[in-house]
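A, B and C label the chains in the order they appear, each numbered from 1.
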Amino acid sequence: MSLNVHDLRKQFGSRHILDGVNFKVAPHDIHAIVGVSGSGKSTILRIIAGLETADGGDVWWNHRSLNNIPAHKRRVTMLSQTALLFPHLTVGENVTLATRGRSRKQAEHWLQVVRLADRYNAEIHELSGGEQQRVSLARALAAEPELLLLDEPFTNLDPKLKLDLQRFIRDLVKELGLTAVLVTHDREEAMLMADRVTLLEAGKVTQTGTAEELYDSAPGFGDFVMLDGKLRPLSEVEISETIGEPVQLMKKIYRFGQCFGEYHFEDGRSVMLPTHEWFRIGMTYRIKRKEEYHA
Amino acid sequence: MLRSSVALSILVSFLPLAALFFLGMEALGTDWGALLTDETWRDSLFTTLYVVSVSTIVSLVLGTWVARTVVNQRWRFTSTILKIPMFVPHIAAAYLFWLLFSGSNGFWGIESNERDYVTVILTYIWKETPFVFLMMIGTYEQLNRGYVETAKTLQLSPYAQFKHAEFPFLIKPLLDSTWILIAFISFAYEVPALLGVTYPKLIGVLAYERLSTGLYLEATEPYAVALIWTCFVGFGVFVSYVMTASVRRRIERGVRR
Amino acid sequence: MIRQGFILLIALFPFVSLFLVAPSMEIGNVEYIVHTVGLTIILSGINVWLATTFAWWLLWTESRWKSVIEWLVFLPLFIPMLATLFGLYLILAEVGLIGTYIGVILALLVVTIPYSIRLAYNGMAVIGRPLLEQARLLPMSRRVVYVLYPLFSRMMRTIALFTTVILLSQFALIQLIGAGLIPTVTTELYQSYAGNNRSLALSNTWMLILFPVVIYFLLSGWNRWMVRMLKGRLQ
């Protein structure tokens, strides 16, 4: 069940949105495409989903070209920024609609998977943003897709909810053995969720690799630190006086009324983190994962 | 200044209701039994129902379909041209159709004045389709395309895509258009007077002629018919808006623009 | 392309009739044209003024009667026009306005104002509250002249146009309320049709079709000139 995107081209007017994009997604992998807005990343997803046609190039799914198959026959579902649940239907009816054979039982199952089993009869406007996005996920999964496309689905959520949902979706996709493509501008999100990452700039692929490979080769790639042999987003780590990997405080600056310190690792990499005002420049402190992430 | 003109608008808008009250008072003396058994009125009613339903349904379907196509295909020129018939007064449109089908010009054996009211229906369709088009095109332009795209990626059939990702948002403008058309077509004089036949007349024509012809000056029947018909339309409006109230509210609250 | 051509053909085909018979060129009595022009100007003016001010009020009011008034104003759209007309006939007969110019204008105003208000309200909704809210911050005269007039000019043109078309469509109303004393192009058309004078009926039809066209171009030109002049004043 692999996806192969080959030499994809798309032009709007005189502007080249996609200029020969190539990448492969291995079966059961989550593959992230990272780029700033306007880099053409969403267009790639829309072409894969069949919502837009490419000017050139091919999309192969399982060694079969998708080019001439209409969107509603591709077995590809997409989760977008807004949940877009059909407002005239209840939560349960939204999910039932997507199941094969319009099965209420299956819909209940998928709502249970996203931990919303008790909201079957709720109306759309009664749900919070995060809940709507989870229903949207249940609905996308209920269609039994072979390939799941995620188009910045966490953009409109608050940070805590975002993290919960990112982990939840990642674990679920892995558990169900799906293949997924995630599009995001957020490098942290890509690192957190994906097995492999493709960097896109002005319609061209600049690099593809695992998160660790990119961390090593792309300077300034995201706000991450290598801790305990794994990449961790900065939101997960903190400076401590006693436990963790040693770092040296080089400089202190004040931003938004808060004190930040620039710390250097032994290998010369640096990182900027919130710091106590009494920490002294030149001294060695320790960097560790926050307690709540050990659970 | 703003206040006085607002008050004036409200006052003018209140006049139709006052008019209905006067209509009711005048209709009081009607012999209702005789009216309901009068064959002339009954035949007129059936013909009117037929003309109204065909013209309204065809205009609604055509107007909606054209609005959908024009927006999807981005036909800007067609969109402009399509509005033209709307700016032709009804009576002028009726005369254009009368000329088109009269005497030796008649197409496919259709005469300009005949019992099946084909020319009346055609005139109304030609005039009202652009009206429906105008009512629907705004809705289609504001429609979040994301819903249709979501429906596609959920592997729904084209029919289900329309049913769930388009139709719910069309309910309100369709309802408005339907009742405006019914109220407008069902009880009018100009078009059916020009293109209709002596028997059966549409009820608007019959009522107006009975009211304005010397022979019937004392008759209260036209008022009674006008009142019954208004109540009939009013009841339809009331029932259809009440019946769809909950789904319309649900959509209004849950929609993402 | 074929679909588009077909739709355009159907939309424009009935105009062929205009060229089937030669229209009559004789204009003996111009009274009915004067009446029509007069009614159009007066009624369009009143409609534009009332509809725009009312829609503006409806957009900002916090009155608890808002929804009731909204319904009251739009309700006449659902009342068959002839039924309203019959009732109005009774009311106007009571106050002695049958056969008068004022009676006809009042009756025409009643049937046109719901459409005009709806057009104005929709037009403002399309422009959107945020932009109009900004305009409210300006002093009254500057707000109206430099912001609202240019923003609303197209909408006001549409209202005037719709009013004209509805007015030109009325035969029964003008005949009944005007008691046959106020002839217009519409009543002339009907009478020449009834009298089997095809070419005269056709010239009246031409007039009925050209009337809105002339109004459209006059108002478009006026709007463009006004907006250009206002822009010039700001430089």
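Basically, a contact is a pair of C-beta atoms (placed from the backbone, for glycine too) under 8 Å apart; a residue touches a chain by one contact, two chains touch by 3 or more.
Since we're looking at a predicted model, the values are computed, not measured.
Novice: Of all the other chains, whose mean CA position lies farthest from chain B?
Specialist: A
Novice: Most central chain by CA mean?
Specialist: Central chain: B.
Novice: Determine the centre-to-centre distance between chain A and chain C, using the mean Cα coordinates as centres, and give it in whole Å.
Specialist: From the centre of chain A to the centre of chain C is 56 Å.
Novice: Report, in whole Å, the distance between the mean C-alpha point of chain A and the mean C-alpha point of chain B.
Specialist: So the centre of chain A lies 51 Å away from the centre of chain B.
Novice: Quick one: report the Å distance separating chain B from chain C, using the average Cα coordinate of each chain.
Specialist: 19
Novice: What does chain B use to touch chain C in their complex?
Specialist: Per the touch definition, chain B meets chain C at residues 2, 5-6, 8-10, 12-23, 25-26, 66, 69, 73, 75, 78, 81-82, 84-93, 95-100, 105, 126, 130, 138, 179-180, 183-184, 186-190, 193-194, 204, 207-208, 211-212, 222-223, 226-227, 229-230, 233-234, 237.
Novice: Quick one: which bits of chain B touch chain A in the complex? Just the residue numbers, please.
Specialist: So the residues of chain B in touch with chain A come to 144, 146-147, 149-158, 160-161, 164-165, 168, 247, 250-256.
Novice: Hey, which residues of chain C end up touching chain B in the complex?
Specialist: Per the stated touch rule, the residues are 3-4, 7-8, 10-12, 14-18, 20-21, 49-51, 53-54, 56-57, 69, 72-73, 75-91, 94, 106, 109-110, 113-114, 117, 122, 126, 161, 165, 168-172, 175-176, 186, 189-190, 193, 198, 201-202, 205, 208-209, 212-213, 216.
Novice: Using the touch rule from the top, collect the residues of chain A that touch chain B in their complex.
Specialist: 49-51, 70-78, 80, 82-89, 97-98, 123-125, 139-140, 143, 149
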